[in-house]
Amino acid sequence: MSQNPILQLQNLSAAYGQSQVLWDIDLNLLPNHAMGLIGRNGVGKSTLLQTIMGTHKVHGGTVIFDGEDVTSLPAHLRARAGIAIVPQGRHIFPHLTVLENLETGLSARGDRGNGKLPEYIFDLFPKLKDVRSRNGGFLSGGEQQQLAIGRALAGSPKLLLLDEPTEGIQPNVVQQIEAAIHTIKTELKVSVLMVEQRIEVVWNIADQFTAMQEGKIILQDDIANMSAEDASNIVRI
Amino acid sequence: PSTSETPTTSDASTVSVGILQSLSGTMAISEITVKNAEILAIEEINAAGGVLGKQITAIVEDGASDPASFAQKASKLIENSNVATVFGGWTSASRKAMLPVFERTNNLLWYPVQFEGNECSPNIMYSGAQPNQQILPAFEWAVDAGYENYFLIGSDYVFPRTANLIVKKHIENKELSLAGEAYVPLGGTDFSGVIAKVQAAKPDIIFNTLNGDSNVAFFKQLKAAGIASTETPIMSFSIGEQEAQAMGPSLVEGSYATWNYFQSLETAENNSFVDAYKAKFGAGAAITDPMVHGYLNVYAWKAAAEKAGTFDVDAVREAVVELEAFSTPMGMVSFADNQSLVQKALIGKLDASGQFEIIADSGDAISPEPYDALTFPGKVCEL
Amino acid sequence: MFKVIDDNARARIARFSEIMNQNPHIQTLVKYAPYILPAIILLAAIAPFLLSDYDLNLLGRFLSLSILALGLVLIWGHGGILSLGQGVFFGLGGYAIAMHLKLADLASGELPDFMVWSGIETLPLLWQPFQNPIFTLLAIVLIPGVFAALFSWLVFNRRVSGTYFALISQALALAFATLLVSRQDWTGGFNGLTNFSTLLGQPLSAASMNYAIYWATLTILCLCFLGLKWLLSSQFGVMLRASRDGENRVRFLGYNPTPIKVFAFSVAAMLAGMSGALFTLHAGNISPAAVGVIPSIEMIIWVALGGRFSLIGAIAGTILINFSRDRISSAFPELWLYFIGALFVLSVTFLPKGLAGLYEKLTTKERDAS
Amino acid sequence: MTNRPLLSVDGVTVDFDGFKALNSFSFILNSGETRVVIGPNGAGKSTLCDTIIGRVRPAEGHIYFEDVEITKMAEQDIVRQGICRKFQAPGVLPELTVSQNLELAAQRQYQWWKSLRQGVSAETRTIVEDMLERIELTHRKNEPAGLLSHGEKQWLEIGMVISTGAKLLLLDEPTAGMGPAETRRTAELIKSLGDSQTVLVIDHDMSFVEQLNASVTVMHQGKFLFQGDIEAVRQDENVAAVYLGKSA
Amino acid sequence: MDSFALISNQIFNGFSVASIFLLAALGLALSFGLMRVINMAHGEMLMLGGYFAFLTMQIIPGGMGLLVALPVAFIGAAATGGLLQTTLISRLAKRPLDTLLATWGVSLILQQASRDIFGAIGVEVQAPTWLDGGIQITEGIFAGVSLPATRLFIIAVAIFVLIGLTLIFRHTRIGLLIRAVNQDRMMAAATGIEVKRADLIIFCLGSGIAGLAGVVLAILGPVTPSVGQSYIVPAFLVVVMGGLGSIAGTTIAALMLGLFSALAQIYVDVSMAQVLLLVFVIIFIQFRPQGVIAQKSRALDV
C-alpha cells in the first residue's frame, strides 16, 4: 500500500444552514479501488458525496484529490480535475436528448479530448443507443440511471461517485449496472466511491467499505475483512 | 435648491413664500425651469429691497410629479412653514390636488401654465392661458387661413381632452369637419396606429396637444411615414422653445405653435429678462412661456402686497385684480376680476434655430374666460 | 414636532424614553419587548395631542397604507404570491369613497365638475349607487375583494403563479391606471378625484374630523392586524404556506390550492381597498398616479424592508419608508430615487426577512447567549 | 367484501407522442387486497399510477373507482374519491413541520372555508400522533420536513398517504433508497393496514416484494405479462427473461 | 384610402411592433429560462442602447453612425448587464422573486443616473437618410399601404437576431451547455460546466439584444430615461405567453401580441389597446397556461 490515495478527506465537515450533518470525516480511497459507503437513511451519505463533488459547501476540513487540495475549487473545476458523480435521483437534464445529456458530460474534460463520446459508454449500456434521441426526462428510472452513469463516464473521470446507483432499478438491470461498475473499476481504471443500501452489491464490487452513523465514520476496513455479521450489524437489522 | 425646514414668519425682517414644483419625476424637466424663473424674480426683488421692507425667503418643495405629493407639500408649506403664498404647479392634476388645501387654509396659489379652464377658485391666481387665450385664437387663425379638415391628437389627460372638446364644438359651429381625434397615454411613443389613421383621414391641419417626449416620437414617425409638415401643417400647444431645441429643430421646423410669449419677442423687458436668466442659469437656456408666467407671478404678488400694505391673503387677492396693467417680459398685463391674466395670444412658426418666428397675434389683449360660452353655456366664474 | 403635551402624555413619554435611554442594549429590548407594542399603540392613540396637524395627517396616511401592507404579508410572505398590482385594489377602494364624496357634495341634478368639462350630461349608471353611503362602505371592501377573486381565479386556476403572476399583476396595474386616465368622463382622468368637502354631512376641514378619521384609521388597522394574526395562525395559514411550498403536493392530498390562494389574494385586496379609502380621506384626493405600476411596486418595498413574514414589520416598514420619503424628498429631491432604489437592492439582498428578521435574529442570539 | 372490484382499469392506452407507455392495459383491484406491480424499468408502472390519479390522461380506455368513472376527473377530486398516491421522488411540504404535514393529510376537510379555524380536531391529532410513532418520526415532529433526509422523507410521505385514510393507496417505490431494516419495517407497515385500505405497491426490491406476501402483477412494455404469487413469478421464464435475470 | 388599406397597414405595423416586443423580450426570456430570474432593469438596458446610439451618432453622424451604433449598443448594454449579473443577480440566484425586486431598485437608480447625466428631456437620434422614405404601394389591392424604411429596418434587425440566436443555441456546444444549465444547475456544475459563466453569457447576450432594441427605439422616438419602461410591460407579457425559455415560443408570442395590439388600434385608442392586451393574455392562459410552447417533463414540480 505505498500508493498515494486518489481521494483523501481530512476532518471534513458540512452543514445545512445551522445544522451540521457531517462531523470530522477522515477517509482515504486508493487508486483503482472501489469503496462502499453504507449507513442508515439520513446519516449524511449523500451530503458527503455532494461535498466531495463540490456541489455542497465544505464547512471545515480539506478534500485532497489526486494529490491536490481541491477544497476551495468550485464543482465544475473538480469535475475537470476528474471527479464525476451519479447523484441520488439521477438528475438527468429532462429536456435534452439522451445523446445531448451524454455530451454535457464531455465538459468535464475541459479542453482535453476530441469532443467525441467514448464508445465504451454504449458498450456498457446498449439500451442508451436505442433511446439516444429521446428526451432524458421521458426515460424510465432504470434508463435514466444508466444514462447518468454514462454521462459521468463521458468526462473520463478518475473518481466516480455513485449515490445509490441501484435504487429503483429492475433486478436484471441491477446486475448489468453491477457488472458495468465492475468494468469501470477494473478496465477503465476509475476509482469508485459508492453509496449503496444493498449490501450484496457492495460485497460484489467494493474493495473497502466505510460505515457512517449520524454524520460520522464509525468503521472502515477492507471488504475482505467484513464478515456477514459485520454487514448485518452495520445495517442494523 | 434652497430649502428650509423651520418656520420663519416669526422673523420680523423676512417673509417666506413657498415654491412648489416637481423637482423629480417626469415633470421635473419643465418645472425646474419655472422654479428657476420664480427664484430669479425673488432674488431680483430682494436685491431691490424686498417687499414691504422684508426680504423674501423662498422655501422650495418637490411635488415629485405626483398630485398627492403636491397636496401634501402644499399643506406642509402652509401649515408647517407658514408661508405667505405659494408659487407653483404645472399639470392640471397637481393644481386640482392642491386646490382644496388652499381653500381650506385660505392661502393663495400662483399657477403659471396654460390650462383647460373650467375652474375658478378664490385661492388661485391663474396666469397661464385660458382656452380662449391659446386654443381658440389658434383655431381662428387656422380658419382664417382656410383649413377645413382638422385632426386632433393629444396626450391622454385633461388639458388635451377639454381643449379638443372646445375645438370640436367650434368646428361644428363653423360647419367645418373633424378628420379624427386620437389620444396617446402620456409619454407614449408608439404612433403607428395613430399615423395610419392620419394617413387614412388626410386632414388639412393637425392640432397637437401632445405633451413632452411623445412629440418627438410623433414627429419622427410622421416623417418616416412620409407625411411632410409642408403638406399637412401641425399646430402645437405644448411645444415651447425648450422642447423644440431638445427635439432637434430640424424635426419640427416649419410647424406652428401658439403661446402668450415667445423668447423671440423683441422688447427691452424681454431682452433684460432673458439676459438675466441666462446669466444665472447658463447661456444655453431656452426661455418659455410658463417660465415667464412664473416670473411675473412673483412680481404681481409683490405689487399686490404693497398695494394692500399687508401679506394677508384676502387683502392681497383683492389688491391683485385692482392693480394697473404692469410691465412684464411678455408686455403689459393685468389680472381680471376672475383672477386670470389678461394677455395676448401669439402664433409662432418654428425656425431652424429652435426659435419661433411670430407670424400673427391676437391684436388686443384677450380677457380670460374660464368657461367657453359655446361649449359650456351658462357657466360663469363666481368668486 | 410636539404640539400639545398634557401631563398624562408627558409622563408616558418620559417613561417611554426612560426605557429607551436607560437600556440601550438589545438584551433589555428583549426584556421590554412585551411592552413595546402596547406602548406604540398607546402613543399612536394619543398622537393627535402630540403631533402637528401636518404630521398627524402624514401619520394617518401612513397608518392607512399599513393596512395594505398587512395584506402583502398574507399573500407574499405566507402565500408566496408576489403581487405587483396592489395599487389596483387600493385604487378601487380609494375611488369608491372618492365617488361618494364627490356626489355627496352636489345638489341633486348636478354633475361632478370633471364630467361637465368632459361633455357628459347625465350621471353614469356606474356612479349612481355611490350616492348611498352604505353601498359605498360595502363597495370599498367588496369591489376590490370580488374583482381580486375573479382576476386571481382566472390566473391561479390555470396554475400560473410565481414570477408569471408577478408580471401579470404588474400589467394589471398598468392597465388599470391607463383605463382610469383614458376614461376621463367617468373617472376624472389623469387628475383623479379631488376637492371633497363633507363626509356623512360633516365638513372634512374641521379639526375634529381629522381626529375622527385618524382614530378610525388606527382602530381599523388594529382590527385588521388582529384578524390577520388569527388567520395566519389558523389551519388556513397552514394550508396557505403548504400551497406556497408545494402546490401539487397539496393537490394530491385532495385539496384544491386555487381557492386558498384566491381567498388570500382577495382578503389582501379588501385590505388594500380599505387602505385606499382611508388614504383618500387623509390625502383629500385619489388619482391614477397613486395606483399605477410605480406605486404598486413601492408598496412591496415597505413590506420587504419591514419583513415579509411579519405583520408588525410590515407596519413599521411602511411608516419608516413613507416618513423618510417626506423628509428626504423635501431636502434632496433628486436623491430620493437613488435612496429608494438602493433600499430595494440592499434590503432584498441582505435582509431577506427585513427588519423583523433582523430583530428576531438579534434577540434570539441574545437569548441563546444568556 | 374482499371480492368487490375497487378499481378497474379498462383497456387504457397512454400515448406519448406515438410511444405507447400503456397499451390497452386492463387491471382489476379488489377491495382490501394488497397488490404488487413489478416490471422492467419503463414498463409503464408509474404511468399506470399517473393515469389513475389523473396526472396523465389516457388516449383510450376508462378507469372506474367504486363504479364511478374517474377517467376525466380533476386530480383533487380523484383524491377525494379515496385514492392517494406516493410519488417516486418524495414530495413533502418542506417548510411545514413533520406534524403539520401529517395533519394536512389526516384532517380531510377539503373545503377551504373549513380551514378557517385554529388547530386541528382531537381525532386528527390522534391519527397524527399514532402515525408519528409508526413511522418513527415522533422525535422530529416539530422540525420542518425539509430538514429530513431522503429516507425520512420517504417515510413521512408514506405516513401522509396512509393518514389520508384513502381506500386505495398507490405506493410507487416506497423503499427506494432504504436499507434492509427500513425496508422490512415498511413492509410491516403496509401489512398492518389490514383490509380497510387497498394497496398497490410498485417496487423492484424482490426481498421486499416477498415480505409483502401479496399477489404480483408483472407488466412489460405497457402490457400485462404475468400474474401470480411471488413463487409463480420466480418460476416464470418470461419474467426471468425481461425482468429478474439469472439470479434473484 | 379605404379600411382595407388601413387594416393592411396595421398588419404591417403589427409586425414592426412585434419586432420591438421581441427584441425587448428575448433577453428576458433567455435569463428567465436559465435562472428563473426576471430582470426588472431590463428596460434600462433598452435605454442604455438608446443612449449608446445617441453617443455613437454624436461621434459618427450620418448614415454609417447607425450601423456602428448597433454593435456599440450591443456591447455596451451587454457589459452593463454582465456587471449587474455578477454583482447582484448571482448573489440572489435562489430567490427569483427577490431578484425581481432588487433589479427594480437597480432600474430606479439607472433611470435617475441617466436623468442626471443626459437630462430628463429626451435626446434625439437622427435616422440616417438611407432610412428615409420606404415603399409606398399605390396600385392594386394594397394601394395606400406604406411600408416606411425605418420599420422595415426594425423587422430586419429582429430577424437577424433570431437567426443568430437559433444558430448559437442549436448548433454550438455553448448552446448545449446553456440548455443543460437551464434544466439542472447543480448537475450541470457537477458535469464540469461553469454555471456562472453560462449565466453571464446569457445575461450579456440578453442585455445586448435589449441594447439593439434601444437603438431601434431611438430611430422611432426620443431616448429618455424612461424609454425602457414604455416597452417593458408588453415584453413581460410576451415572456408570460412565450413559455419557459423558448425562443420559438417567445417569437410567436411577440407576433401575437404585436399584431393584436396593432389591429386593436384600428377600433380603439392606444390606451384601450393596452388594456385589451392584458385581457388577451389572460384569456390566452385559460387555454395554454404553459405558454405558446410548453415543455413537458415528468418531474413533480413540488
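Think of it as A, B, C, D and E in the order they're written, each chain with its own count starting at 1.
One rule holds for everything that comes next: a contact is a pair of C-beta atoms (placed from the backbone, for glycine too) under 8 Å apart; a residue touches a chain by one contact, two chains touch by 3 or more.
Computed from a prediction, not measured in an experiment: that's the story for all the values here.
Steps from chain B to chain E, taking the shortest chain of touch contacts, total 1. With every chain reduced to the mean of its CA atoms, the largest distance from chain D is reached by B.
The chain with its CA mean position farthest from that of chain C is A. Note: centroid distance chain C to chain E, computed from Cα atoms, is 34 Å.
Spacing of chain D relative to chain E, judged by their CA centroids, is 47 angstrom.
Inter-chain spacing, taken between the CA centroids of chain B and chain C, is 35 Å. Our note on geometry: chain B versus chain D, Cα centroid distance of 75 Å, whole angstroms. Of all residues in chain A, those touching 2 or more other chains are 138, listed in ascending order.
Within chain C, the positions touching two or more other chains are listed as 178, 181-182, 245-246, 248-249, 334, 337. Residue positions of chain D touching 2 or more other chains, listed in rising order: 87, 89, 91, 93. For chain E in complex with chain B, the residues that touch the partner chain are 1, 3, 5-6, 9-10, 13, 16-17, 115, 119-124, 126-127, 131-134, 136, 144, 146, 148-151, 217, 219-222, 224, 226-227, 230, 262, 265-266, 269-271, 273-274. Within the complex formed with chain C, the residues of chain E that make contact are 32, 36, 38, 88, 91-92, 95-98, 100-102, 104-109, 111-113, 115-116, 229, 233, 236-237, 239-240, 269, 271-272, 274-275, 277-279, 281-282, 285-286, 289, 300-302. Of all the residues in chain B, the ones that touch chain C in their complex are 1, 3, 5, 23-24, 28, 61-62, 64-69, 71-73, 75-76, 79-80, 91-93, 96-97, 99-101, 103-104, 116-119, 156-158, 161-162, 165, 183, 185-186, 375-376, 379. The touching residues of chain C, when paired with chain E in their complex, are 80, 82, 151, 154-155, 158-160, 162-164, 166-168, 170-172, 174-175, 178-179, 181-182, 245-249, 293, 297, 300-301, 304, 334, 337-338, 340-346, 348-349, 352. Against chain A, in their complex, chain E makes its touches with residues 173, 176-177, 179-180, 182-184, 186-195, 295-299.
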